[in-house]
Amino acid sequence: MGAAASLANSTAASAAAAERKPARFALARRTILTPVLLSLLLLAIALITVMTGSRPFNQTVIDVFVRVILVVGLYIFIGNSGVLSFGHIGFTCLGAYAAAWLTINPMMKRGSLPGLPEWLLATRLPYWQSAVLAALFAALAALIFGRVLMRLSGIAASIATFAMLAMINTVYSNWESVTGATSSVVGIPIVRTIWPYLIGAVVAVFIAWAHAISRSGLALRAARDEPTAAAASGVDIPRERLVAFVVSGAIMGLGGALMAHSIGVVTPDTFYLGLTFITLSMLVVGGMGSLSGGVVGVVLLSALIQGLRWLEAGVSLGESTFALPKGFRK
Amino acid sequence: MTYKMRIVATALASMSFAYPAMADDKTIVIGFATAESGFMEAYDKPAQEAAMIRIDEINAAGGLLGKQIKVVKADTKSDRAEGAKAGLSVLDQGADLVVVSCDYDFGSPAALAAEDAGRISFFLCAESVKAGIQGVGPHSFSASVLAAVQGATMAEWAFKEKGAKDFYRLLDTWTAYNKGICDGFDWMMPKLEAQGAKLVGDDTFKNEDASIAAQITRIKSLPKEPDAIMLCTMMPGAVSAIKQLRAAGINSMILNGSGVDGSYWLSAVPDLTNFYVPVQGSIYGDDPNPAVLKFNATYKEKTGADPSSQYVFPGYVMVEVWAKAVERAGTTDADAVVAELEKMKDEPTLFGPRTFTPELHHQNQTRYLIVETKAGKPGVVGNWTISEPVPMDALLK
Amino acid sequence: MLQILFDALSLGSLYALGALGIALIFGVMRLVNFAHGDVIAFCVFALLWPSTDAMAIVFAGQLPWYLLVPFVLLCGAGLSVLCEIIVFRRFRQANPATMMIASFALGFVIRYFLLMLFSSRPKSISLLPALSQPVEIFGARLPLLQLITIVTTMVILIGLTLFMRQTRFGLEMRAAAENFSMARMLGVRANRVIMGAFALSGALAGAIALIFGSQTGTLDIQMGASIMLMAFIATVIGGLGSLGGAVLAGFLLGAASVIMQVMLPIDARPFRDAFVYGAVILVLLFRPQGLIAARGTKERV
Amino acid sequence: MSLLALSDITIRYSRLTAVRDVSFSMDEGEILFITGPNGAGKSSLLRAIAGVTPVAGGRIDLAGHEITGQAPENIARLGFSMVPEGRDVFGSLTTEENLLVGTGMHARERGWRSRAADELEAVYATFPMLKERRHGQAGLLSGGQQQMLVIGRALMTNPRLVAIDEPSLGLAPNINDQVYERLIALRAQRQLTLLIVEQSSARAMMVGGRMILMRGGQIVLDGDARTLGNGEAIQAAYFGYEDH
């Protein structure tokens, strides 16, 4: 993970370096190793899984890949801006439901979600198209919410994102005709092969990397480390935050869509506090400031949880979080 | 190297092919993809115990199609993603019947996995119309009765037997189950209104609300206390709502779904009176059917405790109807068994008749016992079967 | 009208007490304690004997009220202090995000511990049944408990204010909440103040547990969560670290909830919380520092 | 034996070294000015003595006890009282409450309440203005009044050594004069040992006593303030002319 360190170091050289294009190419060359290595790691995991041929294990690894996408999405905003967001799982919820709207058999949709607009009721797309649209939908929502919320910073911003999550959850839990309220939305085609999830995770990793070395990403990290200096040198912090918020929102939406396809049912309460804190823990354990930290955090923690489950530790989640504090102290 | 490798590979392959075939020969496998830990465990386990009682009875009587029933289990950890894995896991172990969690939301991932593999799945006690064809597919069934039937039963019974005229509807928006009860009530109400009943008001609350004082104030501001309040909710919020209703001095009849059955919580509302619950069988030792009393005794012997609520019973019913269908089909082949199940009309079981049709793998009309709680003591006071089945469009609302 | 006022006050009381418990700890440690809700749940379950049967085996719940109340308060304080010693003490130097997540993990552990001992099935208990009687006041018929909730909350608030203003410990705590390292340089013992804050916060959790328990008659391992969320929001709107602000915002949230329940048409009522959270965002946008900004709250270095 | 002794103190903030191998000691009753430009490490040094900034190397002794790595509250109990930069008054507390915060640490001793009351009267005698505003909120006091308050607050702990970080910062010159007038009077009255950090050496030369000049985290001059008063040496050291 040496490349990760170099990526982090490059932050220091941030704003000035961002001004010159050739320097950016050099930066890309220097840091490309990180996403490539991470992708290879994920590919290796996928290959091992396919070789074992166990269906439950395959499902477990699909879960891990979905979490990788979610944590990478969180990293894009939290890692780069330093603002803790409790709201991102809201975008996952939006993505998952968007995927449901787009892929369910129109016959079933008419019965269970009659409030959808006519064109949506008639639409039925393959899952990968719906995943892309779900990501765009989540990004749009992130743009709208972000326009308002990115004016805030620090703990007020964190709370406001939480309020956003609660709003999304309340609306989706009660809008009977469009989201089916608290009851499960069913009929989402289930995708049980591992490759789409692998591709999703790899795409997320590369987008995170591209954002991190983009001018906006560099400026945002500079602002995170030296807010006053960055503001003085003309960095428009709310704007750069908004960019990260929208990009991460899109990734969270993608993760939500794939999550929907991995289980086949969606309910609003899947996308609430539990998932929020599990993904946040994974990001923090890996190290909030680095992409590879996030991905490795997910893989390690998932392996730990799975290990404990195999040991039949009984209180699965309780036990796994017990192990957290050791990893917490950076 | 190639020669030896090929032998090993062939041996391995033949073994893996041979394994399910062997399982088919000597035993029939029922796979439980249910919660053995976490939140759902408290709901799945009792019904699963009841299912085990029926399985033991069948095995003791010589088995099914002359084969012993073998049980395999995988824990869903009360988690949806884990539920899908548990479903796949019992399928890998050769399950002919996949039993899934009590609740539709938690059981459906495993049921969908079974549907994919073309096996029959049975929800232990889900009461949503989705637990079956509508939400999983043509091989999926539920062993319990639709929530809507409970709401409709209570409304009709209260009107016809207790002379209730003014109804009030209080819905907890937390779950689909709660809404299901009120959907049944809403379907029944216009029929009763034509005969002189009246809906005097309605309101909603949330299960986790610390206080429903505002909702109670709305009831109290009515010109006259309603005769009956249809309370569409479930634990734990139900106790809180009932307690607050009574503490505010509202003495109307309270009509409920089966979710509040059980005496374990009655201590919270001392001397509760005028309180009615529909149940499939009585756990209070006064069931009109002596076979139910015998079952309760067996259950106590096996688990060391009396059934805590009527949700124990569907587990028994599930194995009962499935085994009958297998006997009649003469095979465990999913499609043949489904066809037999769909032929069942008012099939008698220990806990009331059961009907399955190619449209609905669930009960939309069945006999319910009515349990009244009087001065803190619950007991059966009658039974009721709604005058017509709840139609599909009311269920899919 | 009077009825609505009482409804709003009694719901607001619960939120205010919860917010106070969170604000106390935030003040001295900059920790948003997500485990607070689980401490509340623990306090109620302390009344029962551990058992996974459906029927609750009442243990401490049978004590007469003058023993019961201190018992529950002590339970809360004890657990809270234990959390501080075992977990949070190790995170004093960590950043707020890490602490927040540690507290959430701790909450998980407490919840699963309860789950193991008591199972997830809600239990019922008749707590202080004498309080469930209705009473008549100014022409409004109220449950006695509602009245007692309001009165108790007022007594607790006044008592706490006196404690904070009149005692040396209260003085040290207020000083530490405002500028922790300066207070230490004046000889204020960090451990003592932090443990004091945790103990007070835990006792407040115990008080909520008692009120909540006797109001609902139900014990559920999730029961603290909804209050915790509202209390958390109240703390933020009130101005993190400002005790007065937390109380004020708690009452405001309670009032907002009740008024929306009364005013909204039935189809919009299920969306009540979305409006409440929307109002939270508005407040934050116009006053990011909260309604009553805690003066000079410096980040601990 | 000296009251305060620092040997080879090094302070680092992640990769940045703020103070490098600094040693000096102070005797009881002494007045010592530490001066130097911004970023010389003066405040870091003071905060390290108070125990709020960890040291990366070296040892600090106070009144015969090693205090390296001790908690601030324990260092305060040995008689060290700190007036940090920026006059950290507790803004939401009243003036009197501010003064009383530091008396709590003697609560185990008998008769601390009456002694605290005496101290309070003594401080009010020195700063009558504080008595006028005793029940007013401290955050509403003016800059000069706040400076008096924090000095008074430091005295309330009954200290042997008072360290003051930049008392002149942000004060009008005439107010600043007043502050120093009081400080000098207090020192005479109570036999206080004073450690004062200032950016400019002008004040040190006026008041007299010993002066240490720091630059780049190290001591460059140490001697009698008035002797060092020779402008050129000071200026050379202050701005680092010798480098050129």
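What to note about this one:
We just call them A, B, C and D in the order they show up, numbering each chain from 1.
The rule is simple: contacts are C-beta pairs under 8 Å (C-beta built on N, C-alpha and C of every residue); 3 or more make two chains touch, one makes a residue touch a chain.
Bear in mind the structure is a predicted one, so any value in this text is a computation, not a measurement.
Steps from subunit A to subunit D, minimised over paths through touching chains, total 2. Using the contact threshold fixed earlier, the set of chains in contact with both subunit C and subunit D is empty.
A simple rule picks the central chain: find each chain's mean C-alpha point, then take the one closest to the mean of all protein C-alpha atoms, which gives C. Separation between the centroids of subunit B and subunit C, computed from CA atoms only, is 37 Å.
Centre-to-centre spacing of subunit A and subunit C amounts to 32 Å, using the average Cα coordinate of each chain.
Separation between the centroids of subunit B and subunit D, computed from CA atoms only, is 74 Å.
Multi-chain contact residues of subunit C (touching two or more other chains): 115, 225, 270, 273. In subunit B, the residues touching two or more other chains are 38, 173. Annotation for subunit D: no residues touch 2 or more other chains. If touching chains are joined by edges, the resulting network of the protein chains shown has some other shape, matching none of path, cycle, star or complete graph.
According to the touch criterion at the top of this document, the contacting chain pairs are A-B, A-C, B-C, C-D. Across the complex, subunit A is touched by residues 32, 34, 87, 90-91, 94, 96-98, 100-102, 104-105, 108-109, 111-113, 115-116, 225, 229, 232-233, 236, 240, 270-274, 277-278, 280-281, 284-285, 288-289 of subunit C.
By the touch criterion stated above, subunit A contacts subunit C in their complex at residues 84, 148-149, 151-156, 159-160, 162-164, 166-167, 170-171, 173-174, 273, 277, 280-281, 284, 288, 314-315, 317-318, 321-322, 324-325, 328-330. Contact residues of subunit C toward subunit B in the complex are 3-4, 6-7, 10-11, 14, 52-56, 58, 115, 119-126, 129, 132-134, 141-146, 212, 215-220, 222-223, 225-227, 257-258, 261-262, 266, 269-270, 273. Interface of subunit B with subunit A (complex): residues 37-38, 74, 77, 80-81, 83-86, 88-89, 91-92, 104-105, 108-109, 112, 116, 128, 130, 134-136, 173-176, 179, 396. Across the interface of their complex, subunit D is touched by residues 168, 171-172, 174-175, 178-179, 181-190, 294-296, 298, 301 of subunit C.
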